[in-house]
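Here come two complexes built around subunit A, the first alongside subunit B, the second alongside subunit C.
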Partner chain A sequence: MLINKRLVLLHFWLAFASFAVALALGAWQMYVRSPLHPWIKDPEIYYRSVSAHGSTMAYVFPTLVAMALGYAVIELSLKRAIVGVKLAWVGFGAVALGFMLAVIAIGRGTASVLYTFYPPMIGSSIYYIGVVLIVVGSWIWVALMGVNLAIWKRDNPGVPVPLPMFACVASAYLWGWTAVGAAIEITFQIIPVALGWKHNIDAGLARVFYSWTLHAIVYFWLMPAYIAYYTIVPRAIGGRLYSDLMARVSFVMFLVVSMPIGIHHLFADPQVGSGFKFMHSVFTALVAIPTLLTVFTICASVEIAGRLRGGKGVMGWLKALPWGNPMMLAITFSFVMLGFGGAGGLINMSYQLDSTIHNTQWVTGHFHLIFAGAVVIMYFVIAYDLWPQITGRAIADMRLIRVQLWLWFIGIMVLTIPWHLVGIMGMPRRMAYFDYTNGEISSQALPVIVSVIGGVICLFAGLLFIFILVRAHRSTVDLVEDYTFSLPIHRTESVPSALNGFRLWLALMIGLTLFNYGYPIASLIARPDTSVPGIPIGQGH
Partner chain B sequence: MSDNIRESPSVSIVHKIERRWAIMMSAIMLILMLTVVFTGLHWAMMPPSRVETIRIASLETNSEFSESNLGSAASKDGSVIVRVLAQQYSFTPQCILLPANTPITFRATSADAIHGMLVTGTNINSMIEPGYISTFKTVFPQPAEHLMPCHEYCGTGHQAMWARVKVIERATFFEMLKRKGANGRLNCVN
Partner chain C sequence: MDAKPVFSLTNRWLVGSLCGTLAVAATAAAIGFVLLPSAQGGPQFRGIWNAICSAAGVSRHWAQNESIVYPADGAVSAVTITPQTLAHDAPDAVQRGEVLAARCAACHNASQAVAPLLVGQDAAFVYKQLSDFQSGARTNVIMTSVVKGLSERDMRDLAHYFASSGHLTGGVATEVVPPIVARGNPTKNVVSCAVCHGGIDHKAGAPFLQGLSASYLGAQLDAFAAGQRHNDSGEQMRNIARNLTETEIKDAAAYYSGFTDSEGRISQP
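Now for the complex of A and B:
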């Protein structure tokens, strides 16, 4: 049973409200840079919008969803109240305040630097302080997840940590360490310049710090979806989890290998030597393994559901699956999008192929397919699944939920496939308008228009999601069953102690990051003359 | 029902199937990695570059990237070296002139923010960062015209930052260069 319902609810609502606004901005951006709209008169407005969309979708929305899920999982899987509720509220307050500051700075046009910062462009210090506050608030959550796990383990010696809790703590530690790269960049490089204490900044070094955050942050966004795959989906569709142990292996693998690979974002950069680029490219291949393990375990778990429902033969179990169940639809859509997106990801990670698509619209298409597609669709069903626990009322209308999931899936596919295509055609990303009358660009007009249609469908599906949640608060169906997570086919009697805690994995995570980043960072710091003057952005407005 | 499940597929079978999958997947990833390593080492398809820095203060007055030195020049070994300076919101030269079927070395840096460049229809793609020099090599197989947009957000005029690359016949190019004299630099305009 959920005890601190308001805590979880407010995290979710701030997440989804910010999502809805940022989604509308995203759809507007798609439209305004398409051939359907004349060139925008003041391009700064476009970049202001991109900064707000990116900062919200990257730092606020997924972080709050992960926090809400983490707090819910403490109470639902450990079956006890959160220790440190007051601190949890402080964390929430910090995120909300930071978000407000960042939005104010962006809204006034003083921080149109996009969510990736990229100094020497320097926006208002208010923006960066806002981002730092968001991170600090989320770090309180990281600490609380660790503390709650430790207290439970002390009270239950030798008992396996429930898988949902194990996975949520892995996600928390992943974020805790991931955020350090950007935190160093903002605190020691950007803010001193933004406040006028320093004049110069090393732009190349800043990109190296940011790359430490930039890749693993994506896995942090992914984590709630993976947690749902393993611990919610099999239960919701009437199956069993194929293997509890493999789930733990996947989560600790993400923890260890998603950080020391970030330099694959810098393949085309001049400030990192080819040796470390090469090494990070090779390490990046490792991160595909936990995803491939997950695909197997979840497909096997779904097959169990099909067979328990009477499905027979090699393919017969597919027909027997509960296709009317929102969770069944969501996992299917999510896997289809993960499949396409993962294939695209293999192209990005190989530096020979990366040079054809680096910083083109392909990249934006790619991460929208994975994050907005495969991941956010799981956020939706996590909310649908937990909402009755929070509100005490069951959601009555499953049909509307199915429509919403279908619309989101179609919207994302129509949005992202042409987006990939124009990327291969050489369309650069992050531009307020394009000259579609140019002979070399005119062939991109049609796919861009199709993309806009996808964006509009997504906007509609996102608003429908909000509508369903609001309406669920006023549902008249009171009956609520006790919440359960998936059960494995074989009861988890014991797990190896290494997979019941994080000591070894945290040591590996930190060690490997320092090994793969230590030299590039140290050698850049040691180089003289690489710092350049900061360039104020939008300060005159 | 639940008791049934607990007994029927025995733990060892579950683990065996799972282990096979894990080994197969690891093998596939290993092959992919080896492909990257092989093409990297054997075909020298390595990413740029050795790290080279440049003082931004003396960039335009007294360096390789001072204005008179920008554009395409001949190297002693018969290849062509082209120096490009990116700044908010244009490239210099704004139209790069290059010969077909000739080894080309690009050298680029920025005078202010982070920029990037790609040449449409080719694999040329690089970041351009202030304080650092990006170096990369290529060959254009035939005469053609390409667009060369800045591909990294560099400020609110970013969308207007497009240059062009004009590839012409090798003989014509070197003839034009000869007329410019020993330290001649070419772009589309002259």
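Now for the complex of A and C:
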């Protein structure tokens, strides 16, 4: 039973409201740089929009969803109120205030630096302070997740930590450590220049710090989806989780191997040695292990559901699955998109293959397919699943939910597949304008137009999602059943102590980070000749 | 529940995960730091230590004839422009600058065939150019000697004065905006002139171009392209000018010189 409903609800509402606005901006961007729209005459407006879209979708939306899910999981899985609710509200306030500051700075045109804010571009200090506040707010959540787990373990010695709580704390620790890179970059490198205390900045070092955050942040975005795979989907479709232990192994592996891999974003950067690029490439490949473990375990769990529903034979269980159940649809769509996106990702992470698509629209297509596709569709069903618990009102219209999930899936596929294609054709990313009458790129016009159609479908599906939540929220109060998470086939009576806590995995995570990042960072800090003048953005008047 | 301590060599999870991680790290390091760099043929990669250093990105002179390319004829600009560069100057800067500017008027107020107009020019730009003339990062037969006696304060005050002395940007275009000014040339990675130099947006330290003469603008773009002028931060203008065609340079120069001033006159060539 949820006790602090308002806390969870407000996190979700701020997340989804910001998502809806950022989604509209995204669709607009697709449209105005397509052949369907003449040149908007002001690239600043375009980059302002990209900065708002990216900052919201990367820092605010997924962070708030992870925070909401974490708080809900504390109460629903540990069956006790959150310890430190006041601090949780402070954290929420910090995220909301930071978001507001960042939006103001971007809206005024003083922070059109995109969400990656790569120096030497320097936006208004207000923007960076906003981002820092968002991170600080989320760190409060990280601390509260750890504290709540520790208190529960103290009160329940020898009892295995419930899987949902274990997974949420893994997600929190992953974020806590990965955010350190960008936090160092912003605090010690960017803000002093943004405030005018310093004029020069080591752009190469800043990019290395940012890469520390940049890759593991996508696993932080992914975590709620994986938590839903393991702890919600099997229950929702009437099955059992195939293996509780396998789930724990996957989550701790994510914790360890998703950190020391960010330099694969810097394959084209000259300031990092090729040996470190290769190391990071290898560790990126290791992420395939927890991903494939998850695909195997969840497919097995789904098969259990099919067989429990009377499915027989090699393929018969597939037909017996509850295809009308939104969760069944969502997990299917999510896996299809994860499959395509993961396959594309193999190219991005390969040191040599990356050079064929580096900084092209392929990359933008890739992360939209994985994040907006495979991950966000699970955010939708997490919200649908938790909504009755939070609002006390059941969602009656399953048909509309199915339509919404179908539309999102179709929208993302139509959006991202042509996006990958134009990337292979060489279309660069981060451009405000393309002259499609130019013979060299005119063949890209058609796939770009198809992509815009996908963007519009996504916008419609996103607004439908908000409509479903609002309508349910405004309906009459209903009797809501107690919430349960998936049960494993075999009751979890005992787990190895290494998989009931995080000390070993945190030690490995930090150790590997230092090993893979230590020398590149130290050598760049030690070099005296690597700074360049900062280039202020949007403050030339 | 397994009650064994986590950090103990009897814990197979610790031993297994540690050995697994170390094995992957050691194998990857052996390939990435020794095997792959050793496949390079050059003498500087010979030997394990050199291979490791090259793969780690150790900063050293790898090639025998390696040298960093500096402009052939002098210093690199050390001035960086930020929104705060001229923010805290003395309140009487404009008046003081006006007195100093009496020396400039003979050329900069005369014919544009002699020197570019500075009326209403961006303050940070004027300050940076004066500093660069003084340091030698930008050279000109006349200006190099004229700026010799100026103090830091003089240069800042002159910048404030010129910025406040009129409206270079208020004119009316007499030519149709050419594509290079309006949207650049994206396929050649050239951004439009108007996003930095006014019109669409103005970036800190970028000069306003409206009303400057076609011959001056054309000469500067040619000088950037040839590397003779090299006081642009991060080679911004050199990279752009190198990618411009002769027609694009002519179009941009003709467009900006075609602005009327406050009295309806068109700039002179």
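The rule we apply is simple: the second predicted complex is superposed on the first by the 538 of 541 C-alpha atoms of A that agree within 3 Å, B and C clash if a C-alpha of one lies under 4 Å from a C-alpha of the other, contacts with A are read in each partner's own complex, and residues count from 1 in each chain.
Going forward, contacts are C-beta pairs under 8 Å (C-beta built on N, C-alpha and C of every residue); 3 or more make two chains touch, one makes a residue touch a chain.
Just so we're clear, the structure is a prediction, and the values are computed from it rather than from any experiment.
*Asks:* Is this a clash or a fit when subunit B and subunit C both end up on subunit A?
*Replies:* With subunit A aligned, subunit B runs into subunit C, so clash.
*Asks:* Scan A:I489 for contacts with subunit B and subunit C and give back first, second, both or neither.
*Replies:* The first partner, subunit B, only.
*Asks:* Between subunit B and subunit C, whom does A:G339 touch in the aligned arrangement: first, second, both, or neither?
*Replies:* neither
*Asks:* Just subunit B (first), just subunit C (second), both, or neither: which does A:L293 touch?
*Replies:* After superposing on A, A:L293 lies in contact with subunit B but is clear of subunit C.
*Asks:* Given the touch rule stated above, what does A:K41 touch, subunit B (first), subunit C (second), both, or neither?
*Replies:* Second partner only, subunit C.
*Asks:* Quick check for you: in the superposed arrangement, does A:A268 touch first (subunit B), second (subunit C), both or neither?
*Replies:* After superposition on chain A, A:A268 lies in contact with subunit B alone.
*Asks:* Touch test for A:G196: subunit B only (first), subunit C only (second), both, or neither?
*Replies:* second
*Asks:* Examine A:M121 and indicate which partner it touches, taking first as subunit B and second as subunit C; both and neither are also allowed.
*Replies:* first
*Asks:* Which partner does A:S350 reach: the first (subunit B), the second (subunit C), both, or neither?
*Replies:* A:S350 sits against subunit B, while subunit C stays out of touch.
*Asks:* Kindly classify A:G107 by the partners it touches after superposition: subunit B alone (first), subunit C alone (second), both, or neither?
*Replies:* Neither partner.
*Asks:* Run through 9-17, 27-35, 63-71 or 117-125 for subunit B and report the one that clashes with subunit C in the overlay.
*Replies:* 63-71
*Asks:* Do any residues of subunit A touch both subunit B and subunit C, and if so, which are they?
*Replies:* Touching subunit B and subunit C on subunit A: residues 43-44, 120, 271-274, 277-278, 282, 286, 431, 433-435, 438, 440-441, 523, 527, 532-533, 535, 537-538.
*Asks:* Quick one: in the complex, what on subunit C touches subunit A?
*Replies:* By the definition above, subunit C touches subunit A via 1-7, 11, 13-14, 17-18, 21, 24-25, 27-29, 31-33, 36-37, 52, 54-59, 80-84, 87, 122, 179, 182-184, 186-187, 191-192, 195-196, 200-206, 233-234.
*Asks:* Can you check the complex and tell me which residues of subunit A touch subunit C?
*Replies:* 39, 41-44, 109, 120, 122, 158-160, 193, 195-196, 199-200, 256, 271-279, 282-283, 286, 431, 433-435, 438, 440-441, 494-501, 503-505, 508, 512, 515, 519-520, 523, 527, 532-541
*Asks:* Considering the complex alone, what residue numbers of subunit B touch subunit A?
*Replies:* For subunit B paired with subunit A, touching residues are 1-2, 5-6, 9, 11, 14-15, 17-18, 21-22, 25-26, 28-30, 32-33, 35-37, 39-40, 45-56, 88, 112-114, 116, 118, 120-121, 123-135, 146-147, 149-159, 162.
*Asks:* Which part of subunit A faces subunit B closely enough to touch in the complex?
*Replies:* 43-44, 46-47, 112, 114, 118, 120-121, 202-204, 207, 240, 242-243, 246, 266-274, 277-278, 281-282, 285-286, 288-289, 292-293, 296-297, 300, 304, 308, 346, 350-352, 355-356, 358-360, 425-426, 428-435, 438, 440-441, 487, 489-491, 523, 527, 529-533, 535, 537-538
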